Structure formats: C-alpha cells, structure tokens
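What follows is a set of structures for review.
After this come two complexes, each holding subunit A, first together with subunit B and then together with subunit C.
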Partner chain A sequence: MSIHELMFYLFSGMILLFSVLTVTSRRILRAAVYLLFVLVSTAGIYFMLNYQFLAAVQLTLYAGGIVVLIIFSILLTSHISQKFEPLGVKKMVFSALAVAAGALLSIMTILDFGFDTVVTTSQNPDMELIGTSLLSYEKNGYVLPFEVISVLLLAAMVASIVIAKKEKSK
Partner chain B sequence: MLSEIPLSYFLVVSTLMFFIGIYGFLTRKNLITILMAVELILNSVNINFVAFNRYLFPDQLEGHFFSLFIIAVAAAEAAVAIAIIISVYRRYSNIDVERVDTMKF
Partner chain C sequence: MKFDIYDLGSFTSSFDQLLMENFSPFWAVAIEMVIIGIAILAFYAVVGLYLVYAERKVCAFMQCRVGPNRVGPYGFFQTIADLIKLLMKELIPIKNADKLLFNIAPFIVIIASFMAIAAIPFAKGLHAIDFNIGIFYIMAVSSMGVVGILIAGWASNNKYSMIGAMRSGAQIVSYELSVGLSLVTIVVLAGSLQLSTIVEGQRDGWFLFTGHIPAVIAFLVFLVAATAETNRGPFDLAEAESELTAGFHTEYSGIKFAFFFLAEYMNMFIVASIAATIFLGGWMPFHVGGWEAFNNIMDYLPPVFWYIGKTAFIIFIMMWFKWTFPRLRIDQLLTLEWKYLLPINLVNILVMAFVVLMGWHF
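Moving on to the complex of A and B:
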C-alpha cells in the first residue's frame, strides 16, 4: 500500500466518521467541532489531489471562517450544556431508509459507469495561472462569475447586517 | 501515485457524505444543525468537482474554479442564514424549527 492510498483511506475514513458524528451528536457544540474535522480532512484530500491553493482556501475560509461563525451563533443562541432530546425511532428509521436507498442507487450508478480517466502529470496550478484565469475574459477565463460573486458577497454582507441589527425600541 | 486510486473511490466518499448531510437535514430540529448539514452537502459537491477536474480534465481548471465559487457562495449563505437565525432567536427566544411556525408577524 503506497503512501497515497494510505492518505486517501485515512482522510476519507475521517470524513465519513466525523460526518456521521456531525449529524448525530446530541451536543451542538461538539457537532460544530466534528464539522471542523470534516472540513480539515477535505482540505487534506485537496492537498492530496495537488490543488494547494484550493486547500488553503478551504482551510482559511471554511475551517477558519464558517466554523467560527457557526460556533459564535451557537454561543449566542443556546446553552453549552444543553443536550438535544433523542430522536423519535420512526423518524430516524424512515430518514435512514430514504437516505440509504438514495446512497445505494447513486453508488451503484457510479460503480457501473466507466470513466476514462487521463491522469497525466498532475501539476499544481500556480498562483499566476489562477490569478490570470480569474480575471481573463478570453477562453478559460472566469471574470464573469468572479464579478457576480463579488456582487453577491456585498449583497450578503449588507443583508446580514440589516437582518441581524436590533430594531429600534418604539 | 494518484493513478492507484480510481476516480470512483472519491465519488463514493462524496456520495456518502452527501447523503449523510441529507440525513442530518431530515432529522435535525435545531436551525444551526440544519445549517451544518447543508455545509456538509456543499462540501461533498466540492470534492466531486475537484476529483473530476483532476482525473478527467487535468489540463483545464474548471472544477477548481467552480469549487472556489461554491466556497464563496457557501460563505455568503452561512452569513445570511446566521443573521436570520439570530433574528428569529430574538423574536421567539428559540430556534427549534418545530416551535417557530409563524412566518408572519
């Protein structure tokens, strides 16, 4: 077993284990920490696939930004020691059945389909290439989604400030 | 090297992660945990994009860039969702989806 395979099994095992814990843990703060582990192992998978920039973005934005945001909102809205009530058996069984059926169907489709993969020299896209493609408007340029995302981020920022601000007491 | 691991392994991992996220979405009652389940779903889609990019079109970067944009959209979504959750909490002192059942005020 090579180091690549070992890393893949390690990261995917961590992803699956901590995903299950994220959706089943009865303490909300622990669920958030398990989510952090899932996101960090995903960054590990990106590193393994040799996309270092994407992995860095995943670590700083997802694991650093979103998880901290979620943890802050947990601290604002619930008691740390609070435990959720256990789930009803009926709901749990039926959700698990639906999810298992969907997963089985998708996995069988994936395993049936033969992808003709072309793993050539897996070079890492350097920062210069990423920067110029983000701002180029020629073929393989992404300036339109880049601009749309920038407007979206501004709108989201304004919207979250407006929604969350305290109303004036009348 | 990377070619020892078939592409379908990555897809199976991301499919399982996606459906675990759906399970959380169906069974959770707290709004923040539902948001976490949605983050899981978005993240699994990202793994799909990146693996397809690396295995099928290694000389182009489309999957790479779309994962970047998905991460940005997920950040915007999380910010707005948490603003709404905090606003709901102020009004009802509760963020249980089964107890917050009046949308109008």
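Moving on to the complex of A and C:
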C-alpha cells in the first residue's frame, strides 16, 4: 500500500466516523467539534491531492470561520447540562432510509459517470492564476460570479448591521 | 555528508538522498516525518520553556527587580523546575464538566500552533514544508486555535471560564482580520505567498525598508494585532486575573494547564517569526542593494542566527508592550480594531498597491 492510499483511507475513515458522530451525538457542542474534525479531514484530503489553496480555504473558511461561528452561537444559547432527547424508533428508521437512499443515489451517479482514464500532469494552480482568473472577463473568467457574490455579501453585511444597531433612545 | 551552516539545504538534501538510497520511498518519507516531528517537538518544548524564563526576566527588568535567580546561574533552570512541578501536579477531574471536550481542548490549541510552526523558514534550507501559499497556510491553521479556547471555556462549566472564552473568541476573530490584511500589504509588495520567495525577495533590503511608508504602517499594525491575537497583555482580557481568576483555563491543572501556557508562548513565537520573516527578511542577513563589501561582511553571521536575533527582537518588543501598557476594556479593544486598525489597514493596502504600480519601492 502506498503512502497516498494509506493517507486516503485514514482521512476518509475519519470523515466517515466523525460525520456519523456529528449527527448521532446528543450534546450540541460535541456535534460541532465532530463537524470540525470532518472539515479538517477534508482539508487533509485536499492537501494530499496537492491542492493547497483549496485546503487552506477549507481551513480558514470552514474550520476557522463557520465552526467558530457555530460554537459562538452555542456558547451564547445553550447550557452544558442540555442534552437532546433520544429519537424515537420510527424517526430513526425513516431518517436511516432517507440517508441510505441519498447515499445510494450519489454512489450510483459517481459509478455511472465513467471517468476518463487520461493521466494529466498534476496541476498546482498558483495564487497568481487564481487571482487573474477571478477578475478576468474573458473565457474562463469569473468576474461576474465574483461581483455578484460580493454584492450579496455587502447586502448581508448591511442587513446585519441594521438588525444589530441599537434604537436611538427618544 | 557536508554540513554547511550557511546553507543547510545541501545537508538536508544529501540526508534525503541517503535515506532514499537505503530505504523504500515509503519508509524514507516515514523516517523523515518522524525526525522532523521529533525535532519540532523538542524545539517547541525548549523554546516554550525559555520564553517563559525570558518573560520573567524581562518583566523583572521593567520593574527594577532581579527576577528568578536561585535555580542555576541567573535562575537559568527555573522554568525546568517549574515544568517538573507542573508534571507532578494532580489532574483534577471536574464534576459536571463535559469530560471529553474538557480533555481535547488543550490538544486543539497546541496542534494548531504546532501545524503553523512547520511552515516557518528557520534558515536557508531549514524549512520543513514550503507551500506556494505559505502565509495563507499559517493564517489558516493558526485560526483553529480559537476553537480550543472556546471549547475549554464552555466545557469547564464555570462562568469565569465562559466569559474568558467569549472575550478571547471575540478578540481573536476580530484581530485576525488586521493580521491578515497587514500581511496582504506585504504580499502585494512581494508578489508571492511562498515564504521562501518572500525571504529571497529581501536580498537587497528588508521589506520594512524597501516598502516605504505603507510597509512601516503595516508593520506597526501587525505588531498591535498580533499581540492581541496571541491574547497577551495589554490585550489579555481573556484571562484578566483581577476579574476572571484565570479566564478560560481556570479549571485546568497540571500538564493540561501547561499545554495552554506553552501554546500561548509558542503562539507569540510564531507571530514573532512571521513578523521577522515578512518584514525583517527572515534568515536573510542585513543587505543594502549595491553595497557589495558591506553585504559580504553581513553574510559572515550564519542565517539561523539572523533569524533567531530578529525573532528575539520582536518577542522583546511584545514583552515590552505587556509590561508597559495597562489592560484595555473590551469595548476599547473592539473600538481599536474596528474603528482604527481596520480602516487604516484597508487604506494602507491601496497605498501599497499604488506604490507597487508606480514602481516607487526600491
């Protein structure tokens, strides 16, 4: 077994294990921490594929950003003694069925796709390439989605400031 | 095998060759990983211990005291004695705490700083991983440390820990922005995120000097924001001992407390190394473009000493901050970041982009 395969099995095993733990844990902060482990393992797979930019994005955005936000909101809203009630049998069976159907569908789609077995040289896109193609309006340029997303983010930011702003006392 | 202190790259690559000849690639890589792991672990422990010693000595110097002077010459073994004491202390289990999270929190904090240290260039050729996104990687992995602090505060089931963790979280999340933006300013000047390229780019003068005023502003902003990000005084609200006993690590004892303590000092070391690498040239000796004789004299000191000297200088400045300024309130802290540092930083990036565009830098 090559070192790559070993790492792949390690990371995917961790992803599977902690994904299951995330949804089955009855304490909310533990679920959040398991989610963090899932996201970090995913970043590990990106590192293994030599796509370091996406891995670092995964770490900053998901592990350092979204999980921190989730933990923040848990810290503000829930107490340590809080535990979720165990689910009823009926709910468990149906959610297991739904999950199995979803998994089956995705696996079938992946197997049906028929990937080309062409070996291309592994590319490691550097920051300059990513930066120029983000702002390029020619073919394969991403300036339109980039601008749309930035407008969306601006709107979200303005909205949150408006919500969080204190009312002026009269 | 040739050992050349001025260029350790030849040593490491010949060592790599030796392993590759004698073992299969799998085992060669595995052995290298173990060696680097042990080396970094040992480095981590030694530097952590002596930063604590340095802090106590600097603090004593600032307050006209002598500082630790009993264990060994000049108290040199004081922190080792402290470590032995901490190792032998009882680990107190907390009733009604979330045991699992309580126990993994110190590890999350320490792993985050451990991952960051792997990407730092210590000397020419002494660089464990050289990603093409070096700075971004360090920012990414060090942003995970705050998760450990938040978990520690929550899992302790203690109101002081909780308040400390919330403050620390708010502080780290907001100051990370300033740290990132001040680094981006220099990335604009260097044109690369790769740490080895950035160090090479300072061959004819450090970025602090070649980047004109925007580089100096970025350096100052980075120093302030990095001090805040490492939760050190005057920004140590997270463990303000007069109000919160010890903040998020109130309930921790023994070696688990030592982990938080060590991680805090190592985070200081990491931000100091980043500052030294980005602004002061890392292991690059002090060069002035065109002064050949002067540059040759400067080259006599091996790169690793340049690196240590610069890092120690930045660490000294950060300790100086801690023992000079009084602690800020939480609202002052957030005002400083959001109303002053962030706008300054954003304008500064524009100025730097303009300077680079016009070719005004050296």
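The rule is simple: the second predicted complex is superposed on the first by the 152 of 170 C-alpha atoms of A that agree within 3 Å, B and C clash if a C-alpha of one lies under 4 Å from a C-alpha of the other, contacts with A are read in each partner's own complex, and residues count from 1 in each chain.
Everything below uses one rule, namely that a residue touches a chain if its C-beta (ideal position, glycine included) is under 8 Å from a C-beta of that chain, and two chains touch if they have at least 3 such contacts.
Computed from a prediction, not measured in an experiment: that's the story for all the values here.
Enquirer: Check subunit A with both subunit B and subunit C modelled on it and let me know: fit or clash.
Expert: fit
Enquirer: Per the contact definition in the header, classify A:Val23: touching subunit B only (first), subunit C only (second), both, or neither.
Expert: first
Enquirer: With both complexes superposed on chain A, which partner does A:Ala56 reach: first (subunit B), second (subunit C), both or neither?
Expert: Second partner only, subunit C.
Enquirer: Looking at subunit A, which partner touches more of its residues: subunit C or subunit B?
Expert: Counting contacted residues of subunit A, the larger count belongs to B.
Enquirer: Which holds for A:Val33: it touches subunit B only (first), subunit C only (second), both, or neither?
Expert: So A:Val33 only meets subunit C here.
Enquirer: Looking at the overlay, what does A:Ile74 touch: subunit B (first), subunit C (second), both, or neither?
Expert: Both partners.
Enquirer: Contacts for A:Met157 in the overlay, against subunit B (first) and subunit C (second): which applies, first, second, both or neither?
Expert: first
Enquirer: Once the shared chain is lined up, is A:Ser2 touching subunit B (first), subunit C (second), both, or neither of them?
Expert: So A:Ser2 meets both subunit B and subunit C here.
Enquirer: Of all C-alpha distances between subunit B and subunit C after superposition, which is the least, in Å?
Expert: Comparing every C-alpha of subunit B with every C-alpha of subunit C, the smallest gap is 12 Å.
Enquirer: Could you tell me which stretches of subunit A are touched by subunit B in one complex and by subunit C in the other?
Expert: 2, 57, 65, 74, 76.
Enquirer: Looking at the complex, which residues from subunit A come into contact with subunit B?
Expert: Subunit A reaches subunit B through residues 2, 4-5, 8, 12, 15-16, 19-20, 22-24, 28, 31-32, 35, 38-39, 42, 45-46, 48-51, 54, 57-58, 61-62, 65-66, 69-70, 73-74, 76-78, 84, 87, 91-92, 95-96, 98-100, 102-103, 106-107, 110-111, 113, 115, 117-122, 125, 129-130, 133-134, 140, 142, 145, 149, 152-153, 155-157, 159-161, 163-164, 166.
Enquirer: Any idea which subunit B residues touch subunit A in the complex?
Expert: Spelled out, the residues of subunit B in touch with subunit A are 1-13, 15-24, 26-30, 32-33, 35-37, 39-40, 43, 46-47, 50-51, 54-56, 58-62, 64-65, 67-69, 71-80, 82-87, 89-90, 95.
Enquirer: Spell out the part of subunit A that touches subunit C in their complex, as residue ranges.
Expert: Interface residues on the subunit A side: 2-3, 27, 29-30, 33, 36, 40, 52-53, 55-57, 59-60, 63-65, 67-68, 71-72, 74-76, 80-81, 124, 126-127.
Enquirer: Mind listing the subunit C positions that touch subunit A in their complex?
Expert: 25-26, 29-30, 96-98, 100-101, 104, 131-133, 136-137, 139-141, 143-144, 146-147, 150-151, 153-155, 157, 162, 165-166, 169, 173, 176, 192-193
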